[in-house]
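Just passing along the structure, written as structure tokens.
When the chains are written out, they are named A, B, C and D in that same order, and each has its own residue count from 1.
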Amino acid sequence: MQNQHALMVEKLANIVTAIPFNRLLGLKLNHISAEHIELRFAMQQELIGNFLQGILHGGVISSVLDMAGGLAAMSGAIKKHPHHTEEELVEIVGKCSTIDLQINYLRPGRGELFSAKAWLIKQGKQLSFCRMELSNEENTLIAMGTATYLLKIKNSF
Amino acid sequence: MQNQHALMVEKLANIVTAIPFNRLLGLKLNHISAEHIELRFAMQQELIGNFLQGILHGGVISSVLDMAGGLAAMSGAIKKHPHHTEEELVEIVGKCSTIDLQINYLRPGRGELFSAKAWLIKQGKQLSFCRMELSNEENTLIAMGTATYLLKIKNSF
Amino acid sequence: MQNQHALMVEKLANIVTAIPFNRLLGLKLNHISAEHIELRFAMQQELIGNFLQGILHGGVISSVLDMAGGLAAMSGAIKKHPHHTEEELVEIVGKCSTIDLQINYLRPGRGELFSAKAWLIKQGKQLSFCRMELSNEENTLIAMGTATYLLKIKNSF
Amino acid sequence: MQNQHALMVEKLANIVTAIPFNRLLGLKLNHISAEHIELRFAMQQELIGNFLQGILHGGVISSVLDMAGGLAAMSGAIKKHPHHTEEELVEIVGKCSTIDLQINYLRPGRGELFSAKAWLIKQGKQLSFCRMELSNEENTLIAMGTATYLLKIKNSF
């Protein structure tokens, strides 16, 4: 059982870094538990949105929170089908799409190392709802959000 | 009057390309009128979010729509203060921040050339509300959104 | 064809007034066209949210915009299945549910007669996306919003 | 100190029931602590939105969550100014307005007694951000949301 979890974490970590835009952002999967998932990334010159203040671009924040929520939704779907084949995993991931994303920008995106956490609040047959938060290395809450994902899962799973 | 408009367009176009994250996205200001602003960008390998389908990352979409709305809010603030100095322009731009962003993902982000339009719906003393849309080169509507911006404008303007 | 449209309008108008909470709000269906639907309601003492200012409760605004969007989604679904039986109509209406609702409050809800308009932006197999606006009798825009609806439509339709 | 808290709770409870639309909904303030506020209301025939299923109107849910978030924002503002006069309290309450509201509808609004909780996530000088949840008497989570409020507080406080 533990091995299955480790395997899923490894697979999802690979998926995160395989997505081109995530590599630009420097996103890395840090943690998956039953309760939530966590992504991390470091400040880089390229991620700045406000050159006067040296803070994260709002789009970096929305991108990371969308990805974190999507991974929470995918990991929930994978757990529901623990005996998936590699092909089925690719299908779960490839067909997960964001429907609605909503972000509240609470404080300027200042910091060196950022953590994006996502909680899967409700997993339905087709729709998954997540809640997300972005903090910096001092645990300052920078943004929060919610997102809804459509999961197209084959009945045969 | 026409010259002033052309000057503002040039300045805002420079601001768009001066922001590091916007350069990653390849964003260019295409048009500013009394009614709306328009940004354009081309598909690139780096902007892909779903390697199975070759479509835009959801975060690219939210980033571009946030930037488009922000420019509509800024351009509204600048028009209210037509005789701004260069310093005041920098202050308007540097202090404009997104409060809330909301995106509806309508269709997969497929295409070669994308257009993000933003309309300034209400400009208040401190808050500006915008509506945004992303389309591809075939005028297929890919996403819509709304955003609220906080503008810190000196009374002395 | 015209008769079918008139019949659908009458049926949807009946549905609006059959819903208990809509009767509290005094909601009436005013118009359905290919482009949009419109609901109307009058100011009443019971709908006030701020007794100092005598303006609409924010919840009245969100309620009305949610209902307007839902009707736009339903009317789109009904048009797709023009030869529905009475039973099928009841099923379309009874199984339409809001997934996500988002409202921007632009100006105080002052006025005597309010109009809520909704546009069906995208109608998918299961999901419909709408955009909504609330204005008063002077055409002052009070609020705008977006909503996503889940439609459970039998394949046999 | 305890007495001041009790007094504020009593005043806010009076405000909740003084708002006409809240009386329609049957809203009552149940609890205010440093962490969150809680409103309660009972199912009534008038609050039904779907007559086939006998569930809460989506607008009831958005109304109650908006009110809960607004009270959390107000109570935060009042705590910042513990030595307010009655007049200042009226001003804090009368000038608190919702800017943006966003609701995710997770499950049908089925139940007899509903609880709406709101947490004040960030309190700024002018803007307050809240997170809200609606549950029934069996602790089933029916909806979640976020909202942003504008508070106009006199400097002289």
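Convention: a residue touches a chain if its C-beta (ideal position, glycine included) is under 8 Å from a C-beta of that chain, and two chains touch if they have at least 3 such contacts.
If you're wondering where the values come from, they're calculated on a predicted model, not measured in any experiment.
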item: Common touching chains of chain B and chain A; value: C, D
item: Same-site or different-site touching of chain A by its copy chain D, using the half cut; value: same
item: More contacts between chains, B-C or C-D; value: C-D
item: Gap in Å, rounded to a whole number, between the CA centres of chain C and chain B; value: 30
item: Whole-Å gap separating chain C and chain D, where each centre is the average of the chain's CA atoms; value: 25
item: Per-residue multi-chain contacts in chain D, two or more chains; value: 99-100, 102, 104, 148
item: Residue numbers on chain C that touch chain B, as the complex places them; value: 102, 104, 106-107, 121-122, 129, 131, 141, 144-146, 148
item: Residue numbers on chain B that touch chain A, as the complex places them; value: 18-25, 45-53, 57-60, 62-64, 66-67, 70, 90, 94, 97-105, 108
item: Chain B residues within the chain D interface of the complex; value: 99-100, 102, 126-127, 148, 150
